[in-house]
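Here chain A shows up in two complexes: once beside chain B, once beside chain C.
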Partner chain A sequence: MSVAELKKRHIAATATVNALREQLKQKRILLLDTDVAGYARSQGRTPVSFGPTDLVCCRTLQGHTGKVYSLDWTSEKNRIVSASQDGRLIVWNSLTSQKTHAIKLPCAWVMTCAFSPNGQSVACGGLDSICSIFNLNSPNDKDGNLTVSRMLSGHKGYVSSCQYVPDEDTHLITSSGDQTCILWDVTTAQRLSVFGGEFPSGHTADVLSVSINGSNSKMFVSGSCDATARLWDTRIASRAVRTFHGHEGDVSTVKFFPDGYRFGTGSDDGTCRLFDMRTGHQLQVYHQQHDGEVPLVTSIAFSISGRLLFVGYSNGDCYVWDTLMAKVVLNLGSLQNSHEGRITCLGLSADGSALCTGSWDRNLKIWAFGGHRKVI
Partner chain B sequence: MAAVSAAVSDCSPSFPSLTPPCPKAPPDYPDLYGKRRELLKVQVLEREIGFLQEELKSVEDLQPASRGCKEVHDFVMPNPDPFIPRGLKTRRSHGFWNWLCGKCCFNCSWLCCFGGCSLHLEKTSCCNCRASVKWQCCCCLKKKSCQHCCILPALACTDCHPCNGCTSCCTGCKKVCHCSNCTKACCNPCHLCC
Partner chain C sequence: MQALDSETASTIDLQAPAVPTADTRGKHRILAELKRLEQETRFLEEELEELEKTDKVSAACEELLTNIETRPDPLLPVTNGPTNPSWDRWFEGPQDSKGCRCWIL
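Here is the complex of A and B:
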C-alpha cells in the first residue's frame, strides 16, 4: 500500500473515530438523568455552612526561597515534604513547623514530590525527566547534602507527578510530558509497565497528574493536556480501561474520591468534575461564574468524608466546595492570613483533620477546623 | 561552468579540458520511514475504532447517572468530617474526642487557645483539657491568657552555629534549625550562598 493510500485510510479512520466519539457522547448524555447536586436537592439536603472562624490557618511553614510547586503528607506522624523552585525539598514537622530535612536537589527544576508509605523516603521529579529517590535516614555526604539513593530514568519528558503505590514502598507511578505514565520498581530502578506511548492507546499529550486508588491500588487515573482523564489497570498497560471526556482544557490534577469508585478532576477550563470510574458518567461539574479571565484549577483534594472538595486556583483562591450541593461554601483565599499568590498544590493529612496548601508566595499553610464544638 | 573550462584551458593548454562536476540527483529510495509512520497511525486509529465500538455496546447496558449520584450521596452523608461543625451527642463526642486525642505530639497538651478557649467543655476547663487538639494552638505564644495553659517546649537555637558577622550567607552552617520560630539566617536551609 502506498503512502498516499495510507494517508487516505488515515483520513477515513479519523472521521470514523470522530463519528463514533460523537455517538458515544450523545448516548452518555441520554443517561445523565441528574447530577449529584440534583439528587442531593431531591433528598432535601442543604449546603454546609461555615462560620467566619470555622476554618483557620493555624500554621505557616516558611523556609523555601522560591515558589512551592508540590507537597505530600506522610501516612502518619504528620510530616510534610514540599518541593520548590529553589531547588530543594524540605521535610516539615507540621505540628511544630520545624524543618527536619532540607534536601538540595541535583536538578533544581523540580515539579513533584511524594512520601513513601513508610515515611522513610521521598521521591521527586521534574525537568530532568528523572524521578529521584532520597532515603531520609541516610547519612549526609561531605558537603552535608543527602545523596540520591535511586534514580528512576526512562521517561523521555519531564516528570510532572509521582505517587507511591499505597502500602508498597517499592512501587511508584510517575506521569510525564512524554505522554506516558510508568510503574517503577524502586529497588531495582526498573520500569515495570509503561502506560501509553506511541502505539498503546494512551494520552495524546503531556500527562500532568496521577492519582492511585486508595481502595484498589491496581487502579490509577491520569490527567493530561489532551483534556481527558484516563483510568488504568496496572496489570494491563496496553490500553486505558476508560477515557473520560468533558473538560475543555488541560486536566492538570486528578484525585480519587474517598469511596474509591469516583474521582475528581481539575482543569485549565476552570472547572472541576466528578466522574464515576465504573460507568464513565460525569456526575457533577463544579464551576463558578467569573467576570473576566477564568482562573485555572491547579490542585484538588477531597475531605475524608467526601463532603468537601478543596480546590486551588491560579488566582490565589482556594475554594471549599460542598460536593453534594455543588456550591462554594468558603474561600480560604479570602480568609485572614491566606496565601498571597497562586495555590499550586494542596493535600489532606492522613487523618483528614488538616489541609496543607502550597503557593507561589513560597509558603505552605495548614488549615484546620478552628470553630466551636459544644458537647451536649 | 563554461568560463571555468575556458580558464582552465587558457592557463594550461597542455592539460586536457576537465568536465566540470555534475552532481547526480539522489536515487529514488522508497520513503520507508514515512510509510511506516503512516501505517502506525492508521493502526492506532483502527484500534481506537475497535475500542469505541466496544464502548458503544457497553453503554447500552449502563445504569443512568442517578444511580452513581445516589451512591455518592449515601457514602458521604453518614461520614463524620473533621472540617464540618456538627452538634454532637455525648456518646458520639467521646468517640470523636478520643479520635483527636490519639494524635499527640511532644507529650504536651496542645490546648485550644485560638481565640481564647474555643472548646467549651462543661465539665473541664481549658487548662485541664487533655485533648491534643493539635492544630488549634497556633497563637498560644501570643496570648497571655493561654500561656499558663499551653505547654510548649522551650527551644533555643542551640543546634545552629552562629554566623560570625554574616547576615545572609552561612558558608559554615550545615545544620537545619529545629526552632519553629527561629529567624536566624544560618538556621534555615541556606539557599542564597551555600
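Here is the complex of A and C:
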C-alpha cells in the first residue's frame, strides 16, 4: 500500500474514533439522571455537622528538616512512615510521637513512601527512578544507616507513587513519570507486569498516583497528567479496563472508596470527583467557587465509611467534604494548631480513628474526633 | 447535576493531517499509528455496547448511600455502632502533643 493510501486510511480512522468518542460522551450524559448530592437530598439526607472542637489536632510529629512529601500508615494501628525533602524516611509511633527509625536515603529526591502489609519493610521512590526497599529489622551499617535491601529498577522516569498490594508483602505497584505503572515482585526485584507504555490504552503523560482496591486487590486505579484516571486489572497488562475522563487538569491523586466499587480523584483543576468503577459513571464533582486563583488538589483520603472526603490543597486548606451532600463541612486548615503550609499528603489509620496530614511546614499532624459521639 | 466535560487529548493526534507535500513520515510510522487507531476503535465500540446495558447514575447512588450509612465511622459525630474503645486512644494517658522533638541531622 502506498503512503498516500495509508494516509487516507489514517484520516478515515481518526474520524471514526472521534465520532465514537462523541457518541460515548452523549450516551453517558443521557444516563446522568442525577448526581450523589441530588440523590441524597431527594432521600432527605442533611450534611454532617461538626462542633467547633470535634475534630482536633492531637499530635504534631516534628523531626523532618524539609518539606514532607508522602506518608503511609501501617495496617496495624499506630505506625507511620513519612518521606521528606530532607532526604530521609522517618518511622513514627504516632501514639507516643516517638521516632523508631530515621533512614538516610541514597537518593535525597524522594517523592513517595509506603509500608509493607506486615509492617516490617518500607518502600520509597523518587527522581532516581528506582523504588528502594528497606527492611526495618536489618542491622545498621558502619555509618549507622539502614541499608537498602532491594532496588526495583526499570522505570525510565521518576517514581511518583508506590503501594504494596494489600496482604501481599512480596508485591508492589509503582507509578512513574515514564507514563507507566509496574507490578513488582519485591523478592526477585523483577517486573511482573508493565501497565501502559507502548499499548494504546495506557496513559499518555506522567502517571502521578496509584491506589489499589482494598476489597479486590487485582484492581487498581492510576491518575495522570493526561487528565484521566485509568482502571487496571493486574491480570491484564495489555489494556486499561476503563479510562475516566472529566478532569481539566493533571490528576494528581487517586484513592479507592472504602466499599471498593468507587474511587475518588483530585486534580490541578481544583476539583475532586467520585467515579463508579463498574459503570464508568462520574457520580459527583466536589468543587468550591474561589475568587482569584484556584488552589490545586494535592491529596485526598476517605474516612472509613466514606462519608467524609479529606482534601489537601496547595493553599494550605484541608477541606472536609461531606461525600454524600457535596458540601464542605469543615476546614482543618483554619483550625487551631493547623499546618502552616501546603498539605501534600493525607492518610487514615487502619481503624479509621485518626487522620494524618503531612505538610511543607515539615510537620505531620494527627487529627481525631474528640467530641461527643452519638451512636445510632 | 454536572455535565460531562469535553474529551481530553489522547495519545493520538486526532487532527487529520493536512495533505502536505512536505510530510516525510515513514510508512512504518503511519502503519503503527493506523494499528493503534483501529485498536482504539474496537475498544470504543466495546464500551458503547457495554453502555447500552448500563444502569443510570441513580442506581449507583442508591448503593453508595447504603454502603456509607451502614459502616461505623470513628470520625463522624453521629455514627452506627458498634464502636470500639480504642478509637479514643488518642486522648488517653499522658498526651505530650509535642512529643519527641529531636532533629534528625
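By definition in this document, the second predicted complex is superposed on the first by the 355 of 376 C-alpha atoms of A that agree within 3 Å, B and C clash if a C-alpha of one lies under 4 Å from a C-alpha of the other, contacts with A are read in each partner's own complex, and residues count from 1 in each chain.
The rule we apply is simple: a residue touches a chain if its C-beta (ideal position, glycine included) is under 8 Å from a C-beta of that chain, and two chains touch if they have at least 3 such contacts.
Quantities reported herein were computed from a predicted structural model and do not represent experimental measurements.
Q: Just from the overlay, do chain B and chain C fit on chain A, or is there a clash?
A: After superposition on chain A, which the two structures share, chain B runs into chain C.
Q: Is A:Glu248 contacted by the first partner chain B, the second partner chain C, both or neither?
A: The answer is second: A:Glu248 touches chain C but not chain B.
Q: Return first, second, both or neither, reflecting whether A:Thr228 touches chain B, chain C, both chains, or no partner chain.
A: In the superposed model, A:Thr228 contacts chain C only, not chain B.
Q: With the two structures laid over each other on chain A, which partner does A:Gly144 touch: chain B (first), chain C (second), both, or neither?
A: In the superposition, A:Gly144 contacts chain B only.
Q: In the overlaid three-chain picture, which partner chain does A:Thr100 touch, first (chain B) or second (chain C), both, or neither?
A: A:Thr100: touches chain B, not chain C.
Q: Mind checking 6-14, 114-122, 132-140 or 168-176? I need the stretch of chain B that runs into chain C in the superposition.
A: The listed stretch with clashing C-alpha atoms is 132-140.
Q: For chain A, which residues belong to both interfaces, chain B and chain C?
A: Shared contact residues on chain A: 3, 6-7, 9-10, 13-14, 16-17, 20-21, 23-24, 27-28, 31-36, 38-40, 43, 45, 48, 50-51, 54-55, 57-59, 63, 65, 86, 88, 90, 95-99, 102, 201, 239, 242, 258-259, 261-262, 276, 279-284, 303-308, 323-324, 351-355, 366, 368-376.
Q: For a test of understanding, state which residues of chain A touch chain C in their complex under the given definition.
A: 3, 6-7, 9-11, 13-18, 20-25, 27-29, 31-36, 38-40, 43, 45, 48-51, 54-55, 57-65, 77, 86, 88, 90, 95-99, 102, 200-202, 204, 226-228, 239, 242, 245-248, 258-259, 261-262, 276, 279-285, 303-308, 323-324, 351-355, 366, 368-376
Q: State the interface residues of chain C toward chain A in the complex, per the touch definition above.
A: Per the touch definition, chain C meets chain A at residues 1-12, 14-17, 19, 23, 27, 30-31, 33-34, 36-41, 43-45, 47-48, 51, 54-58, 60-65, 67-69, 71-81, 83-84, 86-91, 95-105.
Q: Which positions of chain A touch chain B when the two form their complex?
A: By the definition above, chain A touches chain B via 1-3, 6-7, 9-10, 13-14, 16-17, 20-21, 23-24, 27-28, 31-36, 38-40, 43, 45, 48, 50-51, 53-59, 63, 65-66, 78, 86, 88, 90, 93, 95-102, 104, 140, 144, 198-199, 201, 239, 242, 257-259, 261-262, 274, 276, 279-284, 303-308, 320, 323-324, 351-355, 366, 368-376.
Q: In their complex, what parts of chain B are in touch with chain A?
A: 31, 34-35, 38-49, 51-53, 55-56, 59-60, 62-73, 75-77, 79-90, 93, 99-100, 103, 105-106, 110, 114-115, 118-122, 134-138, 174, 176-181, 188-189, 191-192
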